[in-house]
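Note that the chains are named A, B and C in the order they appear, and that numbering of residues resets to 1 at the start of each chain.
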Amino acid sequence: MTDRDDPYRILTAVGPGTPMGNLFRRFWLPALLSEELPKADCPPIRIRILCEDLVAFRDSNGRIGIVDAYCPHRRAPLFFGRNEQCGLRCVYHGWKFDVNGECVDIPNIVPPDNFAALKQKASIKSYSVQESGGIVWVYMGPKELMPELPGMEWVELHEKQVKCSRWLHRSNWLQAAEGEIDTSHISFLHSKVNVGKDSPDWQRLAQDGAPQITLRETDYGFVYGSRRNFEGQYFWRVTQWMLPMWSAVPRSIDDPILAGRAWVPIDDYTTTGFGYVYTTERPLSTRDLEEVASGERFPPRSQKGTFRFAHGYVIDTYLPDANIGNDFLIDRDLQATSSFTGIFGVNEQDRALQESMLSIPGHAGIVDRSNERLVKSDLPIMIARRVLTRLAKDLAQGSEPKAVSSADQYGVRGIAKLSPIADFDEFMHAHANSMRAVEPSAGDERSSNLASL
Amino acid sequence: MTDRDDPYRILTAVGPGTPMGNLFRRFWLPALLSEELPKADCPPIRIRILCEDLVAFRDSNGRIGIVDAYCPHRRAPLFFGRNEQCGLRCVYHGWKFDVNGECVDIPNIVPPDNFAALKQKASIKSYSVQESGGIVWVYMGPKELMPELPGMEWVELHEKQVKCSRWLHRSNWLQAAEGEIDTSHISFLHSKVNVGKDSPDWQRLAQDGAPQITLRETDYGFVYGSRRNFEGQYFWRVTQWMLPMWSAVPRSIDDPILAGRAWVPIDDYTTTGFGYVYTTERPLSTRDLEEVASGERFPPRSQKGTFRFAHGYVIDTYLPDANIGNDFLIDRDLQATSSFTGIFGVNEQDRALQESMLSIPGHAGIVDRSNERLVKSDLPIMIARRVLTRLAKDLAQGSEPKAVSSADQYGVRGIAKLSPIADFDEFMHAHANSMRAVEPSAGDERSSNLASL
Amino acid sequence: MTDRDDPYRILTAVGPGTPMGNLFRRFWLPALLSEELPKADCPPIRIRILCEDLVAFRDSNGRIGIVDAYCPHRRAPLFFGRNEQCGLRCVYHGWKFDVNGECVDIPNIVPPDNFAALKQKASIKSYSVQESGGIVWVYMGPKELMPELPGMEWVELHEKQVKCSRWLHRSNWLQAAEGEIDTSHISFLHSKVNVGKDSPDWQRLAQDGAPQITLRETDYGFVYGSRRNFEGQYFWRVTQWMLPMWSAVPRSIDDPILAGRAWVPIDDYTTTGFGYVYTTERPLSTRDLEEVASGERFPPRSQKGTFRFAHGYVIDTYLPDANIGNDFLIDRDLQATSSFTGIFGVNEQDRALQESMLSIPGHAGIVDRSNERLVKSDLPIMIARRVLTRLAKDLAQGSEPKAVSSADQYGVRGIAKLSPIADFDEFMHAHANSMRAVEPSAGDERSSNLASL
């Protein structure tokens, strides 16, 4: 198995000019947290998105710029720059750039007659930025195709109702994203052992590891329900998958806390995980926030820090305490007695597996999918690959993805419920209000893929 | 000098399908220590042998399995698995495998009609395992050619008579193995300086750095004697070399402790060193064991730990305290006053050199042999290379190595003696009993190589 | 941009046989500090120069050898060797080499009849060495072309008048050297902010970031003056650039301490920085030495240590406290209030930028010059590239560089002065004595390049 033989390379390669890289560049993407740029003229942050090295800064007016990481003069890093008077100034020779990447000062020459033109030529790459929901969003595609922000409901909520986070995930984005739409693994990877029959714990609900899955494609991606048998009823979990890499996953039954994750490729081998939790009717309580900070679900317990790539570039990010260097702090005694994995925290459990999968030789971090043995419960993963491949190929041939113009449909939720209803569509109909789900159009040809399993 | 030009690549490359890799796969190999899997259902151990990533576990019945390191379903690492109820269960989706690699459970689907066949297809690579002499042995070759365990005498002794160990050696296996059959280096690398003439120390015996070497090929490999002049007598050291990478080396004169080492390739760049010491007539004493633990000879002083390869895979092994990262703790004052190297411990001394040799560009850990200047005292090394090359090539053409079926001949010892006898064959005849050496067959054509030097 | 497309590869590649590597090999180069080999028979030092792995040692007679890092016998590292009785003895089998690389002992064989010839064949690469000015110098070119030591005035001063130092610089040599002949950056990178108008600080003098530059090529390289406007006068800074990589840079106005740096390539990706400070009329005072040790200018604050290359080789060098692994200890508060960079120390400021520049893909440490936007103030850099390219190409065609035979002209200084003189040549004439500058020959055709900017 080499890189060239990998049929999924079209999905895992995200650099400029790649089909999947271009598809990602049609969407607004989370770039970093607003709180990482806490005030005007604060220190800049180094990021890398879709293989592009960038620096983010908040100028004197509070506006955020995401621009090329290097000064065009001698290619010095702008990270060390002075963030002052509405621009980031390279400390090597003082060239200065505003949030739009426009060169506004070249102080190491006597201004020549053509100074305006010279500064114009010295402008650097910059991307459109929006700030909303605690997230700094970036759009890296053609300006003329720039869509609206995706309409997830948490984006517009009061800041006390939302808690976003990000962290370094050391694998290709796809195997991380695939974990989100893989309902059967929660009965194993995230489960407890020796859960008493009297426990109301949702772990008990998820003990049926072979759920029946029904999936419906939508304009924004797909929605699926997994139906587990539970004491004469059904334990339904509905997951929303929103292109190109969002999920809205249910927590417990009728949990007032809603949640999801997104996976933004840093490059082909590393990813920024984003997590969001929110409540719609009240602020998050101290206890809610403590639970988020505990690392029990996501985000993982992390420290602000830097990550240095083998090729020398450095990014500022959040480094999880449990990581591949310490075997994710697996506790074998805990594994023997109460935790299926012995690893603390939902995100850690996911990362432990996804960052350690068998890699394509020479491509550590990209799982070798050539010898997988997919089964029925992997249907959402299969569909997601098919959808993404189709969209990437369509885009390469000039056809823009419909999801981009469906931003208003992103306001969907993942839910979990006990119900006597056996049929997915009936279940969805009954709970349409609590899900804000979008009805698939009746005549949609893609429905042919979607027979109930 | 590039990889392609290296005439010894046939010996240093050990992956699946390589000539030397195939030769290694004809022999039982030490894989790990029994004590690393101390009880039923204990945590699994990650190993890598001959470029294959494997996981070893002891099941509920005490049986050991050595199987593929990855689950066939989604290629998740089995290391994090649950070792329970006679099998290792992947924590991602609960697939379970027994010590024979047979898939015994696929709990994330409703069992289909063809469940048995499906599980059959999901079985994973597993290798034959035996446990003996404190070692977990693995056989990675064709089942139909599986030989008996090599008949080293320590393998069958009471556990109180044997102490085995292993450690990480960071070079290709061949340069490690070549150190074992290089008698002249002990007069330098392992020697002391300022050894008084009255000292009975064997270091004094080994002061003649230009021993006369006589070598006899055997079915199991070869035996050679090195003869040093010492006060009107001869100081004889006889070393046994057993295919493909075993040695039995003498310690002091008439030492009741017998010893040897073996070198099992992890991949082309790293090796697991195995050491064994034993006594035939009594248990090892507390003092014997303290000396072993001291690191003075081998094993080196090491800590249980993990080693992470650049390509991301992690193995569980023993990491020597003195290593290439700390210049093997060389003490230059000690070197000036009493130790030839200033490095503590025989194994550390060997590793300091072997792990730091001039490497082939792009192949750190494989010494560049293209500009060596071999001399007479390197005869055993030259013969070993010739024998191994011949066997690897013969096997590539379908001719199985004779040593494999000569397991009963492995019960030989290295010995050291002061003797008036000048002739090697006479010496061997006189001490046949204490050596259990195998007589070379008189008419063996290979004897033509073996004139006394 | 790939390596092959890089038009500056001719300057950045320095291995044996490369055009620039050959040019470097025509000059005496600083190899290490005399104090690193403090006494006879002290431990050897591992160095790497121009991609060649070498070991330096001081023999029993105090003579220094710089020889191949590996023993020719089995390619073991000589670093672990015994430095004793006028030679370095490999600890593997005792082969011994003198400072000229001659093999003087092969003790692991009985001396054969042709022993002298055999030892002759076993001799190893060695380079000519001189010790002067606190520096161990090495000449790695053809013996018959060996020039005199360059005649920098500090080389011949009393040891109490000179302080040399070296440190690891983690980029290609050229971008380091380019920082030395880049006068405008001192108004930014090395400047302070909020410097009061009453301050006599030279930072205030350098506030004109767009100096006028006049450059004159010389046999030894070039000299240029940068003229800044300052309160009705001119603040002149004159920098000497001496082939292939020396600079004499001024400190403050009429500073009795003179200084400069040199950049010796370790390989294409790493460099040894050398710094020298000296006084001509008195010893360096305790305060002078404290200032040097403080890291405020150069050398950086460093620790003796080892650096391990990815390919396994280890060198002994000085590792700066502030480095790319800790973002050069940037202090953002300091940056906001008083320091342009927030980074302490002139050398750290230079390294922060030069080690972090945008690299050619796959060549971390070599800046990608393909998209630079050079401006007038970069003239000395442009000329230096042109001169070096011409010399490297000329040498490749058999024409030896004139600078090599101009060692007597290296006794020049960089100076800084306030002056009413506007014309560079007049200024140079007026201050010829304090600069010991060399007059360019009137009819030198190269002067055509050198119009005042």
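The rule is short, and it goes like this: a contact is a pair of C-beta atoms (placed from the backbone, for glycine too) under 8 Å apart; a residue touches a chain by one contact, two chains touch by 3 or more.
For clarity, every value in this text was computed on a predicted model and none was experimentally measured.
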Graph class of chain-chain contacts, one of line, ring, star, complete, other: complete
List the interface residue numbers of chain A and of chain B, divide the shared ones by all numbers used, and answer same when the ratio is over half, different when under half. different
Cα superposition of chain A onto chain C: how big is the rotation, rounded to the nearest 5°? 120
Determine the centre-to-centre distance between chain A and chain B, using the mean Cα coordinates as centres, and give it in whole Å. 47
Chain C: which residues touch two or more other chains? none
Chain A partner, complex, touching residues on chain B are 41, 43, 53, 69-70, 72-77, 79-80, 82, 90-94, 106-110, 121-122, 306, 308, 311-312, 314
Of all residues in chain B, those that touch chain C in their complex: 184-185, 187-189, 209-210, 212, 324-325, 327-328, 330, 332, 335-336, 340-343, 349, 352-353, 356-359, 361-362, 364-365, 367-369, 371-378
